[in-house]
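Both complexes shown next keep chain A, but they swap its partner, so chain B is in the first and chain C is in the second.
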Partner chain A sequence: MHDLYNFVSGPLVWVAFAVFFFGCLYRLIRMLALVNQKEKFIFSYMSFKYSLRSILHWSIPFATENMRQHPVMTIVTFAFHFCLIITPLFLLAHVILWDEAWHFSWGHLPEGLTDIMTLVVVFGCFFFLIRRLRLPEVQFVTSASDYIILGIVAAPFITGFLAYHQWFNYPFFMILHIISGEIMLITIPFTRLAHMVLAPFTRAYMGSEFGGVRHARDW
Partner chain B sequence: MYNRIIKFLGLILVFVLMWVPAHSQDEMTAIDNDMFLKPQRPVSVFQHDEHNETAEIEDCAQCHHLYEDGQLVEGESSEDMRCADCHEEKGIGKTPSLTQAFHLNCKMCHQEKKSGPVMCGECHVK
Partner chain C sequence: MAEVATKKKTTQILDEGIERGAARLTTDQIATVVNRVLKTETGARLKTYVETCIHCGLCSEACHYYLSHDKDPRYSPVGKVKATLWEILKRKGRIDPESMKQIALIAYTECNLCKRCAMYCPFGIDIAYLILVVRRICHLLGITPQYLQDTAHSHAATMNQMWIKDDEWIDTLQWQEEEAQAEIPALRIPLEKEGADIMYSVIGPEPKFQAQLIYQTAVLMNVAGLNWTMPATPGWDNSDMAMYSGDNEIMGRIKRAHFEAATRLRVKKIVMGECGHAFRSVYDMGNRWLGWKMPPIPIVHAIEFYYNLLKEKRITVAKKYDEGVTLHDPCNVVRGGGLHEKSRYVVKAISSNFIEMHPNREHNYCCCAGGGVINCGPPYKNVRVDGNRIKAEQLFAAKSRGATTLIAPCHNCHSGLEDINHHYGLGFKIKFIGDILYEVMEKPE
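Here is the complex of A and B:
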């Protein structure tokens, strides 16, 4: 158990973060290279002002027409993404482990709150799964990998929840939690999860086109 | 009559013999955490004597170390002090916080020896 724990909480963390970081960098560079190769003219109307306007506009719940038309989806997706990012960053146990390794620490949220936020993420994954299965317009753009990445995202939160409450076999779920978190980090750059880094650029491109070319708002 | 008194005294003796070790001062069963005003986790299980027997620790300074001006004082130990006398709620300079002091002292040794609890919930048992 010690060898396994030392391995998954040591070298494997380095591998996961390295793949995540350089993979995301690769995706960004490849995106810019592809634009440069295929639709270079896009650069001519990219506007900082309209990019930021669009990113901001689409970052506020119910600010856009699309969000108002899908209120349930809007609430779930904002709650999901907020908890998905904030929970692991400000979870007490994570902050403590970081402090142990780097002697550097920041604030943490109460454990009762992060417990609920974890459930929000799991519920969100479940909601997205039902949505993919039920809505024809979503079903149409769904492939097998979309179901797999829902599982990849849910796994660290489900195992983390079980480990926190020490239900069933604690060491087993703790190790599984660490491994599933690392799998998620590794898969981000190479799946649709890459929207984590690519989405702002899609938004910036659309914002620039609607603002600078069509002279319209970007709904 | 005598028989009954002897039986009664014998019962008391058995009770005292069982009760004293269970409550004696030396038998430490958990980490001293009353420094923490609002502990987030259940107090760490720690059977002091049993631990040192199993781990074959003879030298008190192995855990009860003494630092002066950031330097480890060899041959000196600090079992007459509380951890919280040096390690405060927040770390100061190179002195780790009390939480960190507990975690580093226990966990690092367990990882090195590949024995004993290393994951959060193995000490902070719910």
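Here is the complex of A and C:
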């Protein structure tokens, strides 16, 4: 058990972060290289002002027509994404780990709060799952990979929650938590989770087209 | 698990163009063409759109087909991409001819390329573009709806949409000139006037069926005292169904002819009639195919032209049209050109009782005729009418608030809405802005 723990919390962390960073970088570079190679004209339509205008509208809850048409989804997805990114970054236990390893530290959130935020992420995944199962327009375009992606995202939060509260078998869930977190990091660049890096670009392009050429809103 | 809709789609349509095309194909040939298109004609856009789409279905409510078919998921934007492009990608192009026919039907007749869904997808995924890629593949495979293909042939052979011969075109203009001279004796429709300020261009169906629209514009030009001309050579037609059939090469040829006519006449700008798809062709797609980021010569759509005339008081209104009017926002000039405030300015200037329909402006529902769907011909009339029940509901709501006249500043919209008007018994009078403007404007005695 100890060897396994040392392995997943040592070398594998390095691997996971490296794959995550370089993978995301690779996705970005590959996309831009492809634009450069085949659709160079896209660069000439990109407008900083209209990209920002579009990204901003789509980053503010209820700032777009579609968000207003789906209020529950809007609240859930904003809460989900916010907690998904903020919780691991400002969780006390994570911050302490960084400090121990690198003597480098930043602020953290109260543990009671991060506990709730973890549940928000898990609930978000559950909500997305129910949507996939219940809404015909979502179910129609759902394949196995969509469920797997949801599982990959939910796992580190569920196991982290269990480990933190030391329910059931602590060491087991701790190791599971670390592994599932690493799996999530590794899969982000190579699955549709890559929307994390690609979304700003698709949005920016549509924003530029609508703003600069079509003189119309895109929200 | 929720039931994925199992209802049968509306009766299967047998389209000669698609049937005969598919009969000549093999799976191998289809795969060759698909992979050639994917390799040589698509790039980061297609790849990024397909790989970013999170399968959330949030684009569904954007689409009038989806809304009109009781939210049948097969009509949602992403549902149509799944049934066409995803299938093609998943099978690496190895689609059998029978399935390819279905894919062609969806791509050509169940999407108007209206881009409303691009405003609803949180990533801004351009589904109209993805569907156009599928149409491009179908075109290269020779499985296009027969009527649409006939129109594309006409473009290729005559540089206009309606098989109009060069002398018929000139005859029509001179005929309209004579007619209008009965009203304004000094009126001219100046042909081939080099160095004029404006080249006025129309779509093929105007001289063929709606010559009075040319008459009305001639009156407008003359009363406003503008220095204008129309070409007497091919290039006069600004319409473009090749853009919708997937025949980009012909699209390029006809746009080049159009721009070259304007260049030869050394005009300062092209003013075009009330047409949406033609605007898309000169302002968005055709110019880009030819390598122009923006059109090489300024393009002024009729809405903007009227707006300028009224704003500059070159045309004044004698007595406003007083029936309740509502305004349809054509996708291609509103989501495609941002002319919605100008069209409202014009409509309010010429009519006294303007009633908004909802949703409006960029969020207006498409007419379901656009994207070449109406040019796929009579076999698909029901597809268009049943596929746009939501439009009928939208119009009915405007009617219940007092609108009796429906203004549609686009030819495709006009015809599509006429069918919806008739089918759902809405009883609107459907007019172009130009019809009313001509009626209410101050004319010399």
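For this structure, a couple of remarks:
In the analysis below, the second predicted complex is superposed on the first by the 217 of 219 C-alpha atoms of A that agree within 3 Å, B and C clash if a C-alpha of one lies under 4 Å from a C-alpha of the other, contacts with A are read in each partner's own complex, and residues count from 1 in each chain.
Quick note on the criterion: a residue touches a chain if its C-beta (ideal position, glycine included) is under 8 Å from a C-beta of that chain, and two chains touch if they have at least 3 such contacts.
Nothing here was measured: the structure is a model prediction, and the numbers come from that model.
Using the contact criterion defined above for the overlaid structures, shared-chain residue A:D3 touches chain B, although it does not reach chain C. With both structures placed on the common chain, the touch criterion links A:A93 to chain B but leaves chain C unconnected. Shared-chain residue A:A163: touches chain B; no touch with chain C. Contacts of A:M174 after superposition: chain B is touched, whereas chain C is not reached. For chain A, the partner that touches more of its residues is C, with chain B and chain C as the two candidates. Of the two partner chains, chain C is the only one touched by A:W58; chain B is not.
By the touch criterion defined above, A:P110 lies against chain B but remains apart from chain C after alignment on the C-alpha atoms of chain A. In the superposition on chain A, A:L198 makes contact with chain C only, not with chain B.
Looking at the shared chain after the overlay, A:E39 reaches chain C, while chain B stays out of its contact range.
Looking at chain A, you'll find no residue that touches chain B in one structure and chain C in the other. Residues 2-3, 5-6, 92-93, 96, 99-100, 103, 110-111, 163-166, 170-171, 174 of chain A touch chain B in their complex. Residues 1-5, 42-45, 47-49, 51-58, 60-62, 66, 71-74, 76, 78-79, 82, 118-120, 122-126, 284, 288, 293-294, 334-340, 362-363 of chain C are the ones that touch chain A when the two sit in their complex. Every residue of chain B that touches chain A in the complex is listed here, in rising order: 40-41, 91, 96, 99-100, 103-104, 107, 110-111, 114-115, 118-122, 125-126. Chain A contributes residues 31-32, 34-35, 37-39, 41-42, 44-45, 54, 58, 65-66, 69-70, 73, 133-143, 146, 192, 194-195, 198-199, 201-203, 205-207, 210, 213-219 to its touches with chain C in the complex.
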